[in-house]
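So that you can tell them apart, the chains are marked A, B, C and D in the order they are listed, and the count of residues begins at 1 in each.
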Amino acid sequence: TLPVAFFLGPCALESRAHALEMSAAIREIADRLGVHVVYKTSFDKANRTSIGSYRGIGLKEALPIFAEVRETSGLPVLTDVHLPEQCALVAEAADILQIPAFLCRQTDLLVAAAETGRPVKVKKGQFLAPWDMRNVVDKLAAAGARDILVTERGASFGYNTLVTDFRGIAALAATGAPVVFDATHSVQQPGGRGAASGGERAHVPALARAAAAVGVAAVFMETHEAPDRAPSDGPNMVPLDRLEAVMRQIIAVDATAKALPPVSL
Amino acid sequence: TLPVAFFLGPCALESRAHALEMSAAIREIADRLGVHVVYKTSFDKANRTSIGSYRGIGLKEALPIFAEVRETSGLPVLTDVHLPEQCALVAEAADILQIPAFLCRQTDLLVAAAETGRPVKVKKGQFLAPWDMRNVVDKLAAAGARDILVTERGASFGYNTLVTDFRGIAALAATGAPVVFDATHSVQQPGGRGAASGGERAHVPALARAAAAVGVAAVFMETHEAPDRAPSDGPNMVPLDRLEAVMRQIIAVDATAKALPPVSL
Amino acid sequence: TLPVAFFLGPCALESRAHALEMSAAIREIADRLGVHVVYKTSFDKANRTSIGSYRGIGLKEALPIFAEVRETSGLPVLTDVHLPEQCALVAEAADILQIPAFLCRQTDLLVAAAETGRPVKVKKGQFLAPWDMRNVVDKLAAAGARDILVTERGASFGYNTLVTDFRGIAALAATGAPVVFDATHSVQQPGGRGAASGGERAHVPALARAAAAVGVAAVFMETHEAPDRAPSDGPNMVPLDRLEAVMRQIIAVDATAKALPPVSL
Amino acid sequence: TLPVAFFLGPCALESRAHALEMSAAIREIADRLGVHVVYKTSFDKANRTSIGSYRGIGLKEALPIFAEVRETSGLPVLTDVHLPEQCALVAEAADILQIPAFLCRQTDLLVAAAETGRPVKVKKGQFLAPWDMRNVVDKLAAAGARDILVTERGASFGYNTLVTDFRGIAALAATGAPVVFDATHSVQQPGGRGAASGGERAHVPALARAAAAVGVAAVFMETHEAPDRAPSDGPNMVPLDRLEAVMRQIIAVDATAKALPPVSL
């Protein structure tokens, strides 16, 4: 079993300058900690709570920035796709395609992503039982995807709240795909602020440690140098200046957990 | 307040012959009961549980059938859209565009549907609080939609189960849009059969009567002459030969409820 | 099937004078509407959110008041029991013993209540699946209870919120016991005010109509002449001056629903 | 912060011989691992799913056995109380009184337990938000309890299932009471086998590691030499011959987590 890897980056691609700064800063942390990091960024926030919300800079503007981030930082780049026709374009500039949770059952999108030949990381819908991700993985595999990653990011629990069921990690792992824990979206409060989602960033370190103790391939965290000024998902992002400290906790627990002799009941 | 209307039809457009038979049968029932009915049909099941599941006959084949159903039965036709580029095409042949629950926050799809000028019926996501449908309605309205309908179809409740929270009808009505209760998808058991969704058709009449007692503009029910042989959603569809009896119950409760002097606490 | 009956009264037995006034007022309404009513009152609130909350006047003071209410109003009296040793005493002065929801699995309490020979009304725990009430009913029957009533009062749905799953009425009815819908506790928000429970009284009429449309033997509602001054459960009680209007709605829907030819799918 | 302690023992006190064997075996493990262990046992299962289920040997028979276990094993003894009058008796022979989850809001029981002067360990109800345990702790403290422990054991999540929300540990810790994670009841499936509860023992090690990574004072696990023959809670108990291996995992993660420099976001 490999040590924990990380998917890190701001929620949105805000500008070329911001992307270059963030990816450089994250690369530095990755080097210091000796961990494998993928840079996460989104060219479009296609399902914002409200129509007045920031959408992103768009695909055409984003593609050269992806390429530049990749080159300057040396980090692989992951980004979301929302429509089948975006997949081939995105695959030219990004290394991993991510399927958003709401869209995890949209067959055309899964197939288009799989057909690019790129690795596909798919988030478990908030409405989906963990064991039902097997059908999602099967859809991707049937369409030719070879590298598939599955992501836990919380399940609907009453209104405007998600809960992370850590029993689900075992069901996700049973698909055969590496399991990623999305520690920042798991503490989202969908719609919890009326025209925006809330979040409880304070719980990110504890949930990420829990995931590492259970056993995951990677942890995903969104980060921003000033989350409270970020155009989206601010309430749940990790401030950039705390990111390394949180990662150190995850790395320590991961190392301990992966060294344990297994026990099965 | 108008008497309750109905959205009725099979889950999938199985064939031209099937569509013509079903719509004729439903038209007869509508005439006998003197109620307003919209014919519901789907050209594509874009988010089936499993990749091996039946998808539908596709948009191109479906469009002339929509037109024929409309002409021969005299019923308006409603169908789902899954991608922005489908909206304009669908709007030529169908009367009402329906946004699936998983897609209720996909801004591009909402905008494309709104821009057709057709009425848009949007289902509340299983992951969404009822009051958060205001943001969805606002997105549609901002994109120019004039006739917007919102639909209750159950909320995630643990795994593989939905629950209908009838308190939510008031929150949906507060958006100003007429509220439709989807009585057959509300008893779905998503993913409950491994590679397919289950359902509890037996609860449809009681939940539909409850919705009528609370107060809704319309009830949506999928129906099939042989649900257990239907290519999708069989476990929750109403057998065609019971449909009229269920509708009579709904109509009776609706008439009683809408005649009541209001009371507010 | 009999027309809907009612369980009505304030949450707490506040004083002899208050009990006599409330029961007289409720008796008048019952006569005007021609319905069967049981007077509900509690001598002790044994599970208040906080230790500083009002507990009630206690069992010894309450027993003669129960008797007086019964005599002067002519209404049967129902009250909660919390401990096995209370049952025999309560059975002398009250007509029906009620088992609170949190205690619905406490075998000793169920047995003691059953052994009084009085009818026992038991509330479904917020943590219990509807079908698991069969075990509760079996416990009571095994201990000799002949008249058993089961009550729906909402299920846990995330935090500080309950949801009423109207599919559950069928499972409750399958126990063979008459089903009561508790319309005011179903809109409780447990712990929702920090040191007290909140509530959404506004939803009571709609949920009670829904229950009548589904089909229940009785509706339970707490009422108070000034809920916002009541010592407990104010946020979900029905103001006494609206009670009759709410009951009229329930009676109308009940009459319609019970006259419908049955349909089973 | 102290290293993780353990509450260990079979669900039920089956017999004097069984209690002496189990407590001796557990004491050996405790010595080998150098950890603080409390022996858990129940003289009565007061809220079994079904009336035909095993109840236990009863309080009078149990008290001398508690004393003998304490003497021979040297382990402190914890047991459940269900009724106020049991508290003083139990306090003579047991070291810690435990309030079951269903009863966590029963004021009289909390007060009687507090008044014994013994430490009181109270389980969070499956229906309770974590932050509402503050009211429970306040009730105990107001009645004079000095040593109060709070326990996470899962929250209702749909029907017949519990979910552990690890965000709740922080809310529990905010009461000031040490937090215990009950790893075996958290994987219970209440009522999941019709006339008995089911359970998913396989998830115990992962959830217990997660709790240790989040940070708890102690882990509670029920254990049995042959869970599938145990009179209660078999499906979720840890086989005695795997107990030490599970504990070693917890101890390792706990040591790592408690050595981490804190980070707050």
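The criterion applied here is as follows: a contact is a pair of C-beta atoms (placed from the backbone, for glycine too) under 8 Å apart; a residue touches a chain by one contact, two chains touch by 3 or more.
All of these numbers come straight from a predicted model, not from anything done at the bench.
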{"item": "Excluding chain B, groups that stay connected where the other chains sit", "value": "one piece"}
{"item": "Fewest touching-chain hops separating chain A from chain C", "value": "1"}
{"item": "Fraction-based call for chain C against chain B, same above half, different below", "value": "same"}
{"item": "Chain pair equivalent in interface to A-B, over half of contacts matched, among B-C, C-D or A-C", "value": "C-D"}
{"item": "Which of B-D and A-D has more C-beta pairs touching across its chains", "value": "A-D"}
{"item": "Rounded Å distance between chain C and chain D, as computed from the means of their C-alpha atoms", "value": "33"}
{"item": "Centre-to-centre distance between chain D and chain A (centres being mean Cα positions), rounded to whole Å", "value": "36"}
{"item": "Whole-Å gap separating chain B and chain D, where each centre is the average of the chain's CA atoms", "value": "48"}
{"item": "Contacts with two or more other chains, residues of chain A listed in rising order", "value": "155, 157, 159"}
{"item": "Pairwise touch network: line, ring, star, complete, or other", "value": "complete"}
{"item": "Contact footprint of chain B on chain D as seen in their complex", "value": "157-159, 161"}
{"item": "Touch list for chain A against partner chain D, complex", "value": "155, 157, 163-167, 169-170, 187, 200-207, 209-215, 238-239, 242, 245-246, 248-249, 252-253, 255-257, 259-261, 263-265"}
{"item": "Residue ranges of chain C in contact with chain D within the complex", "value": "46-51, 55, 82-84, 102-103, 105-108, 125-132, 135, 138-139, 142-143, 155-156, 159-160, 190-191, 195"}
